[in-house]
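Several structures are given next for inspection.
One chain, chain A, links the two complexes that follow: it is found with chain B in the first and with chain C in the second.
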Partner chain A sequence: MAPQFPLRLRERDHWNFFLTIPDMDRSKVKINSVKGSQFLEPLFEFSGACGGCGETPYIKLLTQLFGDRLLIGNATGCSSIYGGNLPTTPYSSNRDGRGPAWNNSLFEDCAEFSMGFRVTLDKQREFAVELLQKLADKIGAPLVNDILGADQSTEGGVALQRARVEQVRGKLKGDKNGDAIRLLGVIDSVVRKSVWGVGGDGWAYDIGYGGLDHVLASGKNVNLLVLDTGVYSNTGGQCSKATPLGAVAKFAFGGKPVPRKDLGLLAMTYGHVYTAQIALGYNDLQSVKALLEAESYDGPSLIIANSHCIAHGIDMSRGLDQQKLSVECGAWPLYRYDPRRAAEGLNPLQLDSKPPKIKVSEWAYTETRFKMLTKMLPEQAQHLMERAQETTDAHWRFYEQLAALDYGKNGKPEAK
Partner chain B sequence: MDLSTTYLGLKLANPIVASSSPLSYTLDGIRRLEDGGVAAVVLHSLFEEQLKAEAYELEFLTTQGTESFAEALSYFPRPEKFVLGPEEYLKLISDAKKAVKIPVIASLNGVTPGGWISYARDIQKAGADALELNVYFLPTDPFMTGEAVERNYVEILKSVRSQVKIPVAVKLSPFFSSLANIARRLDEAGANGLVLFNRFYQPDLDLEALEVAPRVELSTSAEMRLPLRWIAILHRRLKCNLALTTGVHTGEDTVKSVMAGADAVMVCSALLKNGPAHAKKIRDEMLAWMEKHDYSSVTQMKGSMSQKSVAEPAAYERANYMKTIQSFRPMM
Partner chain C sequence: MSQSNDRVFWPGNEIIVEAALRAGCTFFGGYPITPSSEIAAHMALRLPQIGGTFIQMEDEIAAMGAVIGASLAGAKSLTATSGPGLSLKQENIGFAMMAEVPCVIVDAQRGGPSTGLPTAPAQSDIMQARWGTHGDHSVIALTPTYPRELYIETIRAFHLAELYRTPVYVMLDEIMAHTTESFRIPSADECGIIKPRSEYTEARVNSWRPFNDYFQGQHLHITGLSHTAEGFPTTNPAIVHKSILHLVNKIVNAQPQIERNAEYLLDDADIAVITFGSPGRAAREAVLAARANGIKVGIFRPITYWPFPVQTVRDLVDRVKAVVVPELNLGMLALQVEKSAMRPEVRIHPVNETGGIAIEPERILAAIEEAQRGI
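On to the complex of A and B.
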C-alpha cells in the first residue's frame, strides 16, 4: 500500500506519454479485419456504462471504423445515458479535431431522427454539387470533376476527397461572392458521411418500431444499430418484444411466454434492407464485416447486436462467453443478408454461425433471468424451456432453408 | 430367522444401513446398494454451505447494480419466495423412491440455525422416508462455551423438526462434556434417532508442499468401540432409536452393535472398500453367527449386552478403565 496521490501524479506522466504515441494512418490499415480495426483510434472512451456492459464494445468499434465521419442519432435509453453524461461525453475527437457528431432526440423517434441527418446531408450535397458546377471556372474544372467523381469506398479515397475539399477552401478563401460563401458552408457534405441510428431493443422492437419500419421502407442510406439486451435495461429490466421465451423480466414475471420477435427477418422481407445479426462474443470478425458491409451499402441497413446486460443476472466479466453460448445453442444465429448479392444471382442470406451444438437450457440456465424461474415456478420453467428448445430448433431449420434458396447462379459459373 | 428391526419408525429387513457416502451420489449407486443387501440408504449430504451459496449467488445476481442509478433502482422482479436448493438432490430423492423398495433417508449437513433449514420441507416433499441431520461442527472459538455448542445442536434440531413431519435423526460427534445429557436433550427436543458417531476427517500435513492436506482414511473395526460403548450406555435410557456408525466391517461387528442396543447399524468404509455387495456378506455372517448361537431374531439380541442388561454395568464406566490397564502386559 502506498499513498494514492503521488502514484496518480506518476501515472499522469505515463498517460501523457501514451497520448504522444502516433496513431496508425487510417488509409494504410486493413480495416476489414479484427486486428486492423483495433489499430484504429476509438473515438468513444470512458463511458458511464455498467462495468462489463455488452453494448459499448459495438459503439467503440463503430467509432473505430467510421468515427471521424460518423453521425449518430441516439434513441433515449442506456446508450443515450452513458453516451451523453452531459456535460461530459465519452465521444471524443482525433488529432484533426474530427469526431462523431452525436445527438439524442427522444426514445421513439431514433430512426426518423437519424433519417433527418441523411435527408439534410443529401440536400447539402445536392446544393454543394450545384454550386461546385456553378463555380467550376473559379475552382478549376479538373478539381470539380475529381470531387464529383471521387471513389470514397476506401479510407484512402475519403482522405483524398478531404484533401480536395481543403483545396477548394483554399481557392475560395476570402471570396466575397455569395455562391462561394454558401459553398464553403456546405462543401464538407461531399465527403462521405456515415449515418447511424443507435438504440436498444426497447426502441427498435417496441416503442420506435413504426418509425424504424418507416425508415427501412424509405430506401434511404441510413444504418440502424440495435444494441439488443432483450429488456429495457435503462429503466430496470422491463420485458420487450426482444425478450427471449422463458426469460423472467419485469412484466414477464412468470417467464416470457412467446418467442422474441424476429426483427431481422421482418427487415429481410423488404429485399432491399442490408440486415445482419451479430455477436462479438461468438465471431468478432463477422461483427466487423457486418458493420463495414452495412455502411458500404447505399440503402437502409439494420444490425442487431447481441448485448449482454446486468439485467441478465450474469457475471459481467464473462459476458462474451454468454454471447457465445447463446449462439451455440441456436437462440442467436449469426447471419448477414446483403441485397447486393441477389443482384449477382446469389442468395443474399449467409448464415455465419454453425448449427446448434448445445441445448438452449445449457445457455439459458447459466443466466439468472432464466434460472430464477426454476426457483419460482419450476413446472412453468420446464414447460417454457421445452417450448424454447422447439421454437429455436424450428427457427434454425427455417433459416437454413432460407439460406439454401436458389437465386439463379448461387455462386456457380453460368452454364454455357 | 427374523433379521428385521425398526429404525425411525421404518421397518427394515435387517439392521444394515448404508450410511451417507459417495456410493449414493447417483441413482445407479443407490440401486447397487439395494442389490448389495442394505436395508436402507442414507443419501449423501446436502451441505448448508451449498444452500447458502446458492442463495447468496441468486441474491448477488439479481441485485447487482441496483440502487446505483435513479432510473433503474432494480433489474429483476422480486418474487416473494424462491425455492432454493439444488433440484438434483430433490430429483435424486424422488427418483430413488421410485427405483428402490428400501427406505431412503436424506441427509442435511449444517452447523447453524437459519433459513437453509427450510429446505428440509422440500426433502420431505420429494418423498424422503426420513431425514438425518448431520451437525458437523468443530468449535474452535475459545470463547464459545460447551453449553453454547449444545444449545446450537438443539436449536438446529428444533428448527428442522418444525419444518417436517418425517422422522429426524441427529448424527452426533463424540466430543461432548456430557454426552448422555446432550443425547437426552436431543431426545426431548424431538429427535427420532441418534446416530453415533460422526467420524471427523482429520486433516493431515503435506510436508513437501507445506499445506494442510485433506485425507480420507477408511475406518477399521477397532474404531467401533467408542460408539459401541455409548450405544450400550444410552440404550433404554432414551425414547429415540440408536444407530451405530463407524467401524462396522463384519457380521460380528453388526452383532456387537445390536447387542449393545443399536436399532440400525450403519456401514460405509466396508462398502467403499469392498463394494456394495459386501452388505450381503455382513448379513450372512451375522445370520450364521445367530444360528450358531441359537438366536431367533434381531429383536431378541437387541440391547442384550447394554449397560442395563449386563451383570456388571460398571464395565462400561470408569471401573472398566482400571481393568483394561491392568490387563495389559507389555512384552519384556
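On to the complex of A and C.
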C-alpha cells in the first residue's frame, strides 16, 4: 500500500496516454467471439457496484456489443443504483460522442418503459421514411433507396447507414423547407437501435412480472435482460420467486421450500420470444451468442443471466466458479430458444450446458445461503437438499426432452 | 433482540412487530422496501413462532390485497411499506375503506416523490395517507415520536381499526424505523384495549349495518362498489350518499375519542412548537435551550394526526403569540395549522427539511428565537 495522491499525479499521465490508444474499428472486429467482443470499447466503466459484482460484467458486455446505439430502461434495484449513482454515471460515450441512453424506470415497469422507447423509435423511423420518400428528388433517389434498403445486420452495415445519414445531413443543411427541417430531426432513427430493459429478479419474477409478460406478448422488438441473483440484493437479501429451493433469504429463514420459477420456460411457451439462460462463468461464448441473437431477432427477447452476489455468502473473487458449479449440477441449465429455428423445421431450443455431473449439494454447500441452514435446522436442510436434487434432476430431464422434440415440418405431423 | 426484565433495546421496526403481536396480529403480508423491510423480515421470523402467518407477496398492492383477505377471514392483519409502496397500495386501501375492512398499515416514510431517497427520512406521505386513494372517506393516522409511544400507538392502531372497521395508518420515518433505543415495555394498562375481534361489539353500533363475524351466521357480500347496508351494489343516489356520509362520519363523529396529543411546557407558553413524529425530539431539545434563555415556549404534537385535532389546535393558537412548525416536508403540517387557526396575526414560522436529514435542534431554536423577536 502506498499513499494515493502522489501515485495519482503520476498515473494521470499514463491514463491520458492510455486514452490515446485507438480503439478497434467496430466494423472489422469479429464480434461473435469472446476475444472479438472484448476488443470493443466498453461504454460502462467504474460503476459503484460491490467488488466482484456478478451483474456488471453482463452490462459491460451489452455496452461493448451495442453501446453506440443502445437504449436502456432500468428497473429500480442494484443496477439502477450502481448504474445511476449521481452525480456520476458509469455509462460513457465513445470518441464519436455515441453511448448508451440510460434511464431508470420505476421498480416494476422497466419492460413497459423500454417498450415506450421502442414504439417511439418505430414511429420516428416511419416518419423519417415518409419524409425521405417525399424529398427523394432533393436528396437523390439512389441515396434514399440505399437508406431504405440498408442491411444493418452487421457492424459494417450500421457504419454505412450512419455515413448515409451524414450525407443526407449535408444535402439538407440550411434548407428552410419544413419537411427538410423535420427530417433532420428524425433522420437518426433510420440507424438501427438496440432497446433493452434491464433489471433484477425482484423486478422480473415478482413485481414487474405482469409487465414483462405483457411486453413479451406484444411481439415488439424489445430485449429484456434479467440480472438474476435469486434474491432482492438491493433491499438487503429478501427472498424472490427466483430464490432457489433450500436457500435461506430474509422472509425465508427456514430455507425456500419450493423451486425457483422457471421464467424462461414461461416465455418460451409463447413461441415467438427469443429466450436464453446464460452464465458467464460456465460458457462466456454462449453469453455473447445469446446477446447477439436476441438483439438480431426482430421481436421480443428475454435473457436470464446468472449473477453471483454478496448476498449468496461467497468469496466474491470466485464468483464465476460459483456460477460454473451451479450449471454443472443442473440447477442453472444453459440454453437458447430461437423462434427463427422453428421456421426452418428445427427445434428452437438448444441446450448449451452438459448433463449434471455433480450433486446440487456440491454447489449449494459452497455458499453460505444454503450452508447456514445445515447449522440452524439440519433436518430441514437435509430434506430441502433432497428435494432440490429431485427437482433439479427432473427439470433437466424435462429440458432434455423439450430440446429433443421433432420440429420437422414446423410441428405439423408427417403426412402418411 | 436483547431483553432484561421489561427493558428492551429495539429498533423502531422491531418495536412495531412486537407491539403488533401483542395486539393480537396474526397475519402479515408484505413486500421488500427500504426502510421498512425489517418489519417484514422480523415478522417472517416471529409470526410462525406464535402460529401466525407471514406471506411475502409479488408486489405492494398484492400485499395489501393479502392483508384485506386475511382480515376478512378473521385475522388482525398488518402490512408495512414506504412511500413508493404506499402509492402502489392505494387502490386496495380504497377498497378496504369502502368495504370497511379493519387492518393496519405502517408507513416508514422516506424522501419522495417516486424513488426519492430510499435510505433517508421524510414526512411527506402524511397527505397521501389522508388523500391518497380516490373518493370521499375519512382516515385514521397515528404519528408517534418515541419508542414507547410507537409501541403503544401500534397497539392502538389495531384497536381503532377494529372499533371503526377501517384501515389505520401508523406513520413513522426512516430515523425512527432504524434507530435502536432502550425503553421499558409498557404495562397492560398503558397499552390500552387489547381484545379479540369477536368482542368488538361496539363496532356493530358504529356501523350502519350489522357487524357479524365474517363467515359466521349469515352470507355476506363484500364489494368496492357503492353498496347497501346489506353489502349489495346499488346506484340509488340516496343510499349511495348515505353510505359515503357513513364512511366519513363514523370517524369524524368519533374525533374526541380518537384524538390524542402530547403537550410539553405549554401552560405559560407564548410560543408553541407544533410538530409530529421524529422532529418532536429535536423540538424538545430546542425548547429546553430556549427556556434556559428565558423564552416561554412549549410543544404540541398530534399523535392522532388524522383526523386532525382542528379544535384543539385552534384553542392553542388562540392562547399563544407565535407558532413554530418543524417538519420533514415543505409545510404539510403548517398548512393544517393555518387551516385550523382563526387568528391571522399569529405568525407561523416553518422549519422545513426535504434533503433527507433530520432537523437539528439548532434550527428549531433559531426559529423559536426569531418568533420571540417578532412577538
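What we mean here is this: the second predicted complex is superposed on the first by the 404 of 416 C-alpha atoms of A that agree within 3 Å, B and C clash if a C-alpha of one lies under 4 Å from a C-alpha of the other, contacts with A are read in each partner's own complex, and residues count from 1 in each chain.
Here is the rule we use: contacts are C-beta pairs under 8 Å (C-beta built on N, C-alpha and C of every residue); 3 or more make two chains touch, one makes a residue touch a chain.
Because the structure is a prediction, the values reported are computed rather than measured.
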**Message:** According to the stated criteria, A:Arg12 is in contact with first (chain B), second (chain C), both, or neither; which is it?
**Reply:** neither
**Asked** So, A:Lys354: does it touch chain B (first), chain C (second), both, or neither?
**Response** neither
**Prompt:** When the two structures are overlaid on chain A, which partner does A:Tyr209 contact: first (chain B), second (chain C), both, or neither?
**Reply:** second
**Message:** Once chain A of both complexes is superposed, is A:Ile310 in touch with chain B (first), chain C (second), both, or neither?
**Reply:** first
**Request:** Return first, second, both or neither, reflecting whether A:Asn104 touches chain B, chain C, both chains, or no partner chain.
**Result:** second
**Message:** Touch test for A:Lys250: chain B only (first), chain C only (second), both, or neither?
**Reply:** both
**Message:** In the overlaid three-chain picture, which partner chain does A:Pro378 touch, first (chain B) or second (chain C), both, or neither?
**Reply:** first
**Asked** If you stack the two complexes on chain A, which partner ends up touching A:Gly236: first (chain B), second (chain C), both, or neither?
**Response** both
**Item:** chain A positions touched by chain B in one structure and by chain C in the second
**Value:** 235-236, 250, 253
**Request:** Sort out for me which residues of chain A touch chain C in the complex.
**Result:** 76, 80, 104, 106-108, 202, 206-207, 209, 232, 235-236, 238-239, 241, 250-254
**Request:** Name, in rising order, each residue of chain B that touches chain A in their complex.
**Result:** 58, 61-62, 64-65, 71-77, 79, 81-84, 87
**Item:** chain B-facing residues of chain A, complex
**Value:** 50, 81, 231, 233-237, 248-250, 253, 310-311, 313-316, 368-369, 371-372, 374-376, 378
**Residues of chain C that touch chain A when the two form their complex** = 30-34, 37, 40-41, 44-45, 48, 54, 56, 58-60, 84, 88, 114-115
